[in-house]
Amino acid sequence: MLTLNGEIMKTKTSSIFTRFDINLEVEKQKVRKVSTDELLQEVADCVAEGDDDEIENIVKNVLKTKSPVKVIDEGLIPGMNEVTRLWDEGVYFLPQVILSSDTMIAGIALCEKRMGKLMEKKGKVVTHTAEGDIHDIGQVIVNALLNAAGFEVINLGADVPVDEVVKACKLHNPVMLTGTALMTTTMTAFPKIAAELKELGLNIPFVCGGGAVSEEYVISFDYGVWGKEASQASAMAEDALKGLSWQEIRNKWNG
Amino acid sequence: MLTLNGEIMKTKTSSIFTRFDINLEVEKQKVRKVSTDELLQEVADCVAEGDDDEIENIVKNVLKTKSPVKVIDEGLIPGMNEVTRLWDEGVYFLPQVILSSDTMIAGIALCEKRMGKLMEKKGKVVTHTAEGDIHDIGQVIVNALLNAAGFEVINLGADVPVDEVVKACKLHNPVMLTGTALMTTTMTAFPKIAAELKELGLNIPFVCGGGAVSEEYVISFDYGVWGKEASQASAMAEDALKGLSWQEIRNKWNG
Amino acid sequence: MKLTSSMAYKNPQEIMFGKAIKPVITKRGLKIGGGNVIPEIVPHPRPGREKDKGTLIREFERANDDALERCVNVGHPYLVIENEHIYQMTNNPSWGGEIAAQTAHQMDEYKDKYGLIAAYRSTIADIRKPDIVNMRDSDQTRKVFESFNECARHSDIVSIESMGGKEIFDYSIIRNDITGMLFAQAILGGRDVEWIWKQIVKIAKKHNCIPGGDTDCAQANTAMFMAGGFLSKNIPHTLAALCRAISAGRTLVAYECGATGPGKDCAYENPIIKAITGIPIATEGKTSACAHSALCGNVIAAVCDLWSNEAVEFHDMFGGSSAAVFTEILGYDAALMNASVELGYQKQFQACLIASDRYRDPQAFILCPDNAWTIGKAITDNSESCFTRARAAALKCGELILGDPKMMLTAFENKSLLDYLKELDSLPDNEGDFIDICLKKYSKVKGFNPASYGF
Amino acid sequence: MKLTSSMAYKNPQEIMFGKAIKPVITKRGLKIGGGNVIPEIVPHPRPGREKDKGTLIREFERANDDALERCVNVGHPYLVIENEHIYQMTNNPSWGGEIAAQTAHQMDEYKDKYGLIAAYRSTIADIRKPDIVNMRDSDQTRKVFESFNECARHSDIVSIESMGGKEIFDYSIIRNDITGMLFAQAILGGRDVEWIWKQIVKIAKKHNCIPGGDTDCAQANTAMFMAGGFLSKNIPHTLAALCRAISAGRTLVAYECGATGPGKDCAYENPIIKAITGIPIATEGKTSACAHSALCGNVIAAVCDLWSNEAVEFHDMFGGSSAAVFTEILGYDAALMNASVELGYQKQFQACLIASDRYRDPQAFILCPDNAWTIGKAITDNSESCFTRARAAALKCGELILGDPKMMLTAFENKSLLDYLKELDSLPDNEGDFIDICLKKYSKVKGFNPASYGF
């Protein structure tokens, strides 16, 4: 009997494949300093490291000498911004962003407790995964990134009927609505939602994404904007916040 | 150096492929007798054999004793019908149909000369290949089969501009229009043609076929009927002749 | 349930495509794993066809007919068709049943008319979403079993992509939390697979249908998909590789409950499963690029018995419908492998499949037959519990990756892998202790309901 | 023009995929025929994108970018992209030129950023439809050459699927008239190829672009397509096989005029061409099922240098755009062949490709390297005229088919073949005599204009 493994292991591979990732690895960049204040910098560093065990002690400590608003604005959020920057530049991987976001949120919760009221969020975004569809990890990522960017996420979860999505939009009047679908037989809910929103005069950019969802499909109905990557969700929400219409957002991101 | 061909030739192939065609070969069926008259049967046999060299002598001979109408109706056409039957049943191949059709047409021409007028055709069909498209062999086959079935074919050829197709329909008012396209970037002419016909109130079934043309595409515009096989063209034309509307023809052949 | 403690194959060199130690035979006499690789085509309905039963049935009628017809036209002798239920089919169990009946009828006709030998697999959709319903007691649960009943009557094979553990897995994977992933896959997934497959096997046997098997699609393929290509920065590829090794123990449970294979195509852990059990497996690789990109396009064929496209949406292509087109391609892929068997060059051919991808990516590396076997061995050598075998698989997987200098890793991938291994090492040795820790640690994860798993 | 009278390969065993006696090197240093098989992806625009220059350019930008990106994502090291001009691109020569410039720019970027080595082939549409225009003197003719000029500036390779002889061919094939087919392919086609390629080679050289080659798509592929699968009753498969053998002499003229390869993918006669000339060739087979079905899906890869999908309409699939999906598949096909080369198993691998299809169909049989070489030898041994070599090729082809008892034929196929051979045998021996007969015989065929061919 032949035993070939030795030969395979000795094979030259350059004609077979190229490990483009090895050449691509981005020079290890560091988190930049965000504050001259040592304590605030410690907060930011803790967020950047995504250490949600440690954050409680650190924030409690800094709140002894600083106002909660200052801790949020000059420690927690700038720390998170650094993480987002490094993710955008291809240095960080997704879990680093999520863990930092968890950490930031834990820190903010402590500050809010101290303030006795909730921090003001940038704006509301309603997110959902289409009726009949249980592929929601894309939505989970979108939620996390929107949270990280300071939006209030109204998370309707997966397998959400058309009516419920519309109802939530009526109730919350969000700056943006998102939908995730990974099946071509579930994404058909999106145009129905868009049509009902239109009937109600709820002019909300409706960003649709997920494996099965193509640009061509999404731009075939009003309000629809196609989202390719989860990372686009927060930038699109920023655009919506600035008052860009769905047509403007579509023109900017699609085509 | 290895020489492997010997081994390949000795290989068992049943796990690799099955020659389904060998099992499928249809029992050699014969052309049936169509006339008790020996001379007319000779005409029919000549058509069935597709011998367009011989037909002249045979027809000239039979015309000595029979009327040209009789030769057409009881010799040439029944002979052709036999060929069509055998083709429908999977016994004959396409060239046999074409050669028989050529032969029948040559015979009819001789009869027409004798009658001093043209034989009355079943009805007109306008055929064309789409603007910008030079893939016209599908159309060539359609033409031949329509001829064989006794229709008058107005053959506009290949690469025909939309306007010319519409003009021809206005002029001839055919029972049916056909279009062939093999490129997705040329079949876009079809809905334009259909729209212009509609504007002119020319309610003509428009059978579209050819490699690139999908059923889904054709039934997306009014008048459109999808033609899968060239052999369907004549049966569809018969339907149109009987007065079936494009909707009825579509319902019968598509879906 | 007793966990498997020995290997069906005594060494990796014996594992070959087309041949399994325990072949299965379908209703129309198709022998899977009996010496030949057989194409398995999976067509998927177009958007909108789910609208009602009529349009959906018609869609599958066409797609399945196109596939069968193409086989006759180009001479492919054998075919398996898989229809993966869409939500609506399982949610209305009679739909799936009627489609199965229709397909069985089509296959009978092609057999009578042309002699084509085909078989049909129904894959029921697992509509029990763990964070929404109780996995063991809900309307969805009942519909899933009803669907198995309806389909097993007519199908040759039934399968499912079960969902147990997904709620914890999704939470963990985006947090780089290998402990959570292990808990989700081995403990929650393992228990759910056991619970559901004991019942599926009964239903299948009742109808003389083959209980095909499961897949850790819900978890390991999510990881693979997120790991993505060389440009993706979602999760490290080394994490996806560990996740795959872990998944084998979970998928194995179905066979321990009586499933006989052929394993589901999207279970990339199947080479490990075949090494352990000797059952025939379906795999998918380059020709499933229509469904998703992968870094093991060739090597994953090295020990397959069925060769699949995962899924292609039904639509027209220049060369015919996508169902026909992919049937043709898969059939030629299979013909090539079968030709190598006939010529006696299957070892050389397999070597080519392996050399194509062995060092392309760690996920491909660990699925090479030798490594898959070694991971299988770690699983059977640590059969005290689902936890111990999953951890052993992951540790062995990491060890293999780090142990071969030709398996290049980026610095980040390398560091991540070392971190995961350290974390795995630090876990308790006993399943009970591990479960206690995890039940506590993940108790607050939204939608996690321990009762779904009998806790 | 002197016709080729010797074989580049001294025996068929030496012909191997990935390697050609006369490799060519593209602008970015890609060596074709230098040892590796390289994927060649051909995306095609969606309906409607031909509407104006802007939408069409954007369509190709996306499709070509998707193909390049997928290579980086899965690690395929080399890629050729072919864009076949649609009518509108050649009819507006600047469109094709701009698309070529855009693609060259994209390829430069991928090279700089990732090190991916890619090359671009422009295939000009032959819009000179013989029954409509004078092939040598019409606006269409001028636009074709203008397009070559515009594209050669930016492309690595230029090609065309030339149309000479099509009017007679179409008339003849549906009448079972092998004499007319021979006249159309060898005499009319041969003369047109000579006339057009002398000029193309000049244009290409001026721009430092590679004059790739031609294909008898217009005739031999029409025949193959009409022959269809085992259920088709249009024309006998043996006729399509003869037509293929005849086509080799026609396509060869391009190389005799200075084209250097890589030959066009859809020229299934290319294995014969490679045997004769030693130039690298593109072929397409199973992975071009997206464009059309074929009965030689594997064997046609046996001696390829580029491996193509023929054409796939750009659209979204679950796994990405069709351009990305088919790039991934082709790349894995190529990786597998290249792995066999690295392992030293290329002969065994080739044997598998051959055994897959050798007896599947006569069209596949005659393209096996041994038979292709033998037909090539008949061509070079009968180099007195385009007619003599074409007839010799057809006769040899028939002899081979009848000579191997494992090559099964239906009774009808067999009888048809015998009839064709008898007819070919009965033709005069001298090209001049043959031409005289044919000019007379076909003078009344609608649209036949002898002046188009210099008669």
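By written order: A, B, C and D. Residues from 1 in each chain.
We take it that contacts are C-beta pairs under 8 Å (C-beta built on N, C-alpha and C of every residue); 3 or more make two chains touch, one makes a residue touch a chain.
Here the structure is a predicted model, which is why all the values come from computation and not from measurement.
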(request) Identify the chains in contact with subunit C as well as subunit D, in label order. (result) A, B
(request) Look at the interfaces B-C and A-C and say which one is made up of more C-beta pairs in contact. (result) A-C
(message) How many angstrom lie between the centres of subunit A and subunit B, each centre taken as the mean Cα position?
(response) 60
(message) Can you work out the whole-Å distance between the CA centroids of subunit A and subunit D?
(response) 49
(message) Centroid from C-alpha atoms only, then distance subunit A to subunit C, rounded to Å. What do you get?
(response) 30
(request) Could you list which residues of subunit C touch at least two other chains? (result) 44, 72-75, 230-231, 292, 313, 318, 335, 338-339, 342-343, 348, 351, 355-357, 360
(message) Multi-chain contacts only, two chains or more: what residues does subunit A have there?
(response) 4, 7-8, 11, 13, 16-17, 19-20, 24, 211
(message) Chains as vertices, touching pairs as edges: which of line, ring, star, complete or other describes this one?
(response) other
(request) Could you list each pair of chains that touch one another? (result) A-C, A-D, B-C, B-D, C-D
(message) Under the definition above, what is the set of subunit D residues touching subunit B in their complex?
(response) 13, 44-50, 86-88, 91, 127, 129, 131-132, 163, 170-171, 173-176, 222, 226, 230-231, 233-236, 292, 313, 347-348, 350-351, 354-360, 370, 404, 406, 408, 410-412
(message) Quick check: in the complex, which residue numbers of subunit B touch subunit C?
(response) 4, 7-8, 11-20, 23-24, 184, 211-212, 214-216
(message) Considering only the defined contacts, which subunit A positions touch subunit C in the complex?
(response) 1-5, 7-9, 11, 13, 16-17, 19-22, 24-25, 28, 87, 90, 92-96, 98-99, 102, 132-134, 136-137, 140-141, 144, 157-159, 183-188, 211, 217
(request) Would you pull the subunit D residues touching subunit A in the complex into a rising list? (result) 35-36, 72-77, 114-116, 316, 318, 335, 338-339, 341-343
(request) Could you please specify the touching residues of subunit D with respect to subunit C in the complex? (result) 44, 69-70, 72-75, 228-232, 285-295, 297-298, 311-313, 315, 317-320, 324-326, 328-329, 332-333, 335-340, 342-343, 345, 348-349, 351-357, 360-361
